[in-house]
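Note that chain A is present in both complexes that follow, paired respectively with chain B and with chain C.
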Partner chain A sequence: MISSFFASVGEKILNFSKIIGGIVYLFYQIILALLPPKFDLDEFWRNLYKMGVKSVPIIILTAFFTGGIMVIQASVFVKKFGATSLVGWGAGYSVFREVGPILLGLMFSGRVGSNNTAELGTMVVTEQIDGLKALAIDPFRYLIVPRVLAMIIMLFLLTIIGNVVAISGAALFGKYIAGVSYAGFWTSFSQNLYLGDLIHGLIKAAIFGFIVSLNSCYFGISVKGGAVGVGKAVNNSVVASALGIVIFDYILTYNIT
Partner chain B sequence: MLKLTDITLKLDGNLILDNISLNIQPGSIWGIIGPPASGKSVLVKTICGFFKPQRGSILFNDTDICKIPEAKMLEIRKQIGMLFQNNALFDFMNVWENVAFPLRRSNPEIDPGQLRQKAWKRLKKVGLAGSENKLCSELSGGMQKRVGIARATINKAPLNIYDEPTAGLDPVTTSKIYDLLLEIKRQNSSTVLAISSDVEGLRDFVDNIIVLYEGKVRYSGPEKDLESSTDPVVHQFVRGEEEGPL
Partner chain C sequence: MIKQISTNIFATIGDKTINIFVAAKTLFLVTLNTFRGVFHFKSREKGEILKQAYEIGNRSFLFVSVTLSALGMVLVFQVCLQINKITGDQSQVGPEFIKGMIHAFVPILTAMMLATRVGAGIAAEIGSMKVTEQIDALRMSGVDPIDYLIVPRFIASIFMTFILGIYAALLVILAGAFMAHHSFGVNYNVFFVFDKVTWGDLIIGSTKLLVHGSAIPVVSGYCGLTTKVGSEGVGTATTRAVINSSLAVIILDFIISAIGLMTIQ
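Right, the complex of A and B next:
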């Protein structure tokens, strides 16, 4: 009974160490592949479009309502204390620094990361990765590196778009729900926020993009078994990405701030 | 062309290939047969460098592929055309792209018109002209197999490996596929290594045969002498008898 308990704990620790080791090794291989950068440009452009451009509608929708929700939540206190001059700043500060990168990162992980894991996992179980190798193509430079770069760049750019839309949403909802004029919103926003607030969030977005890409690629290429294995890998990838985003958000917020 | 000496491979602690030695001459056609899980696919994948054996050597044109890094192995693979058991077609590409892909990768400077023409010719050769723009998932099993063959042979590699080229196909299509493989072999003057569960069909196609059982070579030699093997496993497997060690 006791020995089986320790065996089970030991197995979990070993599995966890294997995952961390695998992700670190993948990171090392990506660095090697980028010195000098040698990867498939066609695949890179294809992924920029698939992962980034096709994510724009869902990011706009999410960001717009996120901005609105923040104003709805704040409107009670704004009306109570007459703090209309803080709405623009409050919305901008929280969107730029936290809500934007985190929410969009999680949305990106759900839409793009999970898809990436499923795609790579399916390629593993249907021997398409071996098929690439058989055609003398390095699957790492052909599949992994372009995807990792595309995810970092696209989450960064999508966060910029998301920020603009969320602030617009906040201004719109602020006018009709909290009674804050556009001019008042803009004055509060422009006078109290700094470029550093925006950069803070964009650094986070790029790092979250890297976390999602590493996790999704690692779990994708480590798939074992058939459809069940792919399902598990997608699940693990999304959970690991969400955890990674939250943990690194804490570390970055603590250190950058 | 290809010389395997004492190849021993263990995967997850299980002995998959046990002391395998073979000498495959250029231009010959070899067939690999054996009961399920006897190590046939693993053997050809080891030849392609997907597995590194714990012991032995594989000389591919005098280069020991067991001792070279993956980057060099990629160069060796340019000389091998492989058809996988489940075809391994790229599902993010259509039929034309699947067939043109190896040509485009091996020759990035190729003129688009020439690429289109070569890929179309290869598709016509395998009887798939008109299906260029279809996704592979829209094709039947036999058609997918033919796309796999077109992709494996378009670069005219000196060694072609076919893993179950006729699996799941009806006798007429099987016969057509073997005729096609033979025609491609004659045109390219390539060496061929083919695995099949269809023993009779394969015997008509090959010059030499290897019988694998539990990772060991039980017979290796001319196809015509297969019947005269005294090994009970070979005897039972080839004749399809119920009584015996299998």
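Right, the complex of A and C next:
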């Protein structure tokens, strides 16, 4: 009983260390491949389109409703204190610094990260990566590095779009739910927010993009066991990305203020 | 040339519209059959609900604890930082934070985390069964896959999301109080004031948890059941499950918040 308990704890710790080690090793390989930066530009360009442009609708939808949810929370105060001058600031501050990067990062991890894991995993299962190696093509420079760079750039850019949409959504719902005029929303928004708030969130977004890309590539290339294994890998990858996003959000909030 | 392009555009739009309608219809039927299946007691395996509850609840415990406590601390940190800049009066942080957590943030964040973990898990499992033709085998032996696979997960998810949500709310409030005390010197007595929490907040928070908890297994079960056969199928189905259940949570949260604001708050 006791020995089996220790065995299961030990096994979990070993598995966890294996994953962390694998991700760190992947990080090291990526750095090596970037010194000097030599990677497949076509693949990079294709991934920018596939990961960024094709995610725009889902990001817009998420951001629009997020803005709505934020303004509803703010309008609880409006009803109580009549504090219409706080709505724009409240919605903007929470969207820029926290809610925007986190929710968009989670959606990005769900759409792009898990898609990437599924794609790389399928390539592993159907032995396409071995095929690349047999043709003397470095899978890191050809597959991994373009994806990592594309995800960092695209989550950064998508967060900018998402912020704009969320604020517009907040202004729209603010007018119809909380009864705050556009002008009032804008005054409150523009007088109380600084560029620092926006940059704080954007730095977070770029780092979240990096976390999602590392996680999804690691779980993708370490797939074992056919189509079922791909499903499991996708599952593990989204969980690990969500965990990474939240933990790094905590660390980053402290360190960039 | 132009004629060809314009035909293509209409073909694409029509194709997408038809796809959306077919998907909506299938999702509606899955939802309907799930609700109906709750009352089909005989076609359920004994102990299946408890097994799923363990899978959904207990195994998400650590994940929810880590993510939600970190988020709680971050939110308090940001709020206190801003208040320090403007007024410096931090006596209202605790009560307002507790209120906001209960009716807004805890339900949506817990549900998003569960949509990621549980939704992906359900889709991966059911998708694997579909690819290995186990679902067809179930149908052939006269068992409805919705009754057998989705309904136990549905019931288990409603219960466990609710319980995890309550646990998460307590945890977030404790983590927030800890952060406010250590970084900004807010007294625990000033922070733990529950006067601001009304019955309306509790009702909205629990409604959200129940609705999100029922949406996640239905949406991801639907994605699992519609998996396409092939080595890419399961991965794609899992991806769709994460995205669709997260989106469902966000949209439902918005609708319930809006209704709540107009009626009881």
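Keep this in mind: the second predicted complex is superposed on the first by the 257 of 257 C-alpha atoms of A that agree within 3 Å, B and C clash if a C-alpha of one lies under 4 Å from a C-alpha of the other, contacts with A are read in each partner's own complex, and residues count from 1 in each chain.
One rule holds in what follows: a contact is a pair of C-beta atoms (placed from the backbone, for glycine too) under 8 Å apart; a residue touches a chain by one contact, two chains touch by 3 or more.
All of these numbers come straight from a predicted model, not from anything done at the bench.
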Superposed partners chain B and chain C on chain A - clash or fit: fit
Residue contacts with chain A in the superposition, chain B compared against chain C: C
Which of chain B and chain C A:Leu135 touches, first, second, both or neither: first
Touched partner set for A:Leu41, first chain B, second chain C, both or neither: neither
First, second, both or neither for A:Gly121, with chain B first and chain C second: second
First, second, both or neither for A:Val230, with chain B first and chain C second: second
Which superposed partner A:Ala183 touches (first chain B, second chain C, both, neither): neither
Which superposed partner A:Leu106 touches (first chain B, second chain C, both, neither): second
Touching partner for A:Phe65 - first (chain B), second (chain C), both, neither: second
Distance of closest approach, chain C and chain B, by C-alpha atoms in Å: 9
Where chain A meets both chain C and chain B, residue numbers: 119, 122, 126
Residues of chain B touching chain A in the complex: 45, 48-50, 70-71, 74-75, 77-78, 80, 82, 84-86, 88-92, 101-102, 105-106, 151
Chain B partner contacts - residues on chain A that touch it in the complex: 119, 122, 126-128, 130-131, 133-138
Complex contact set, residues of chain A against chain C: 58, 61-62, 65-66, 68-69, 72-73, 75-76, 79, 93-94, 97-98, 102-103, 106-107, 109-111, 114-115, 117-119, 121-122, 125-126, 177, 226-228, 230-235, 238-239, 242-243, 246-247, 249-250, 253-254, 257
Residue ranges of chain C in contact with chain A within the complex: 63, 66-67, 70-71, 73-75, 77-78, 81-82, 100, 104, 108, 112-113, 116-117, 120-121, 123-125, 127-128, 131-132, 230-239, 242-243, 246-247, 250-251, 253-254, 257-258, 261-262, 265
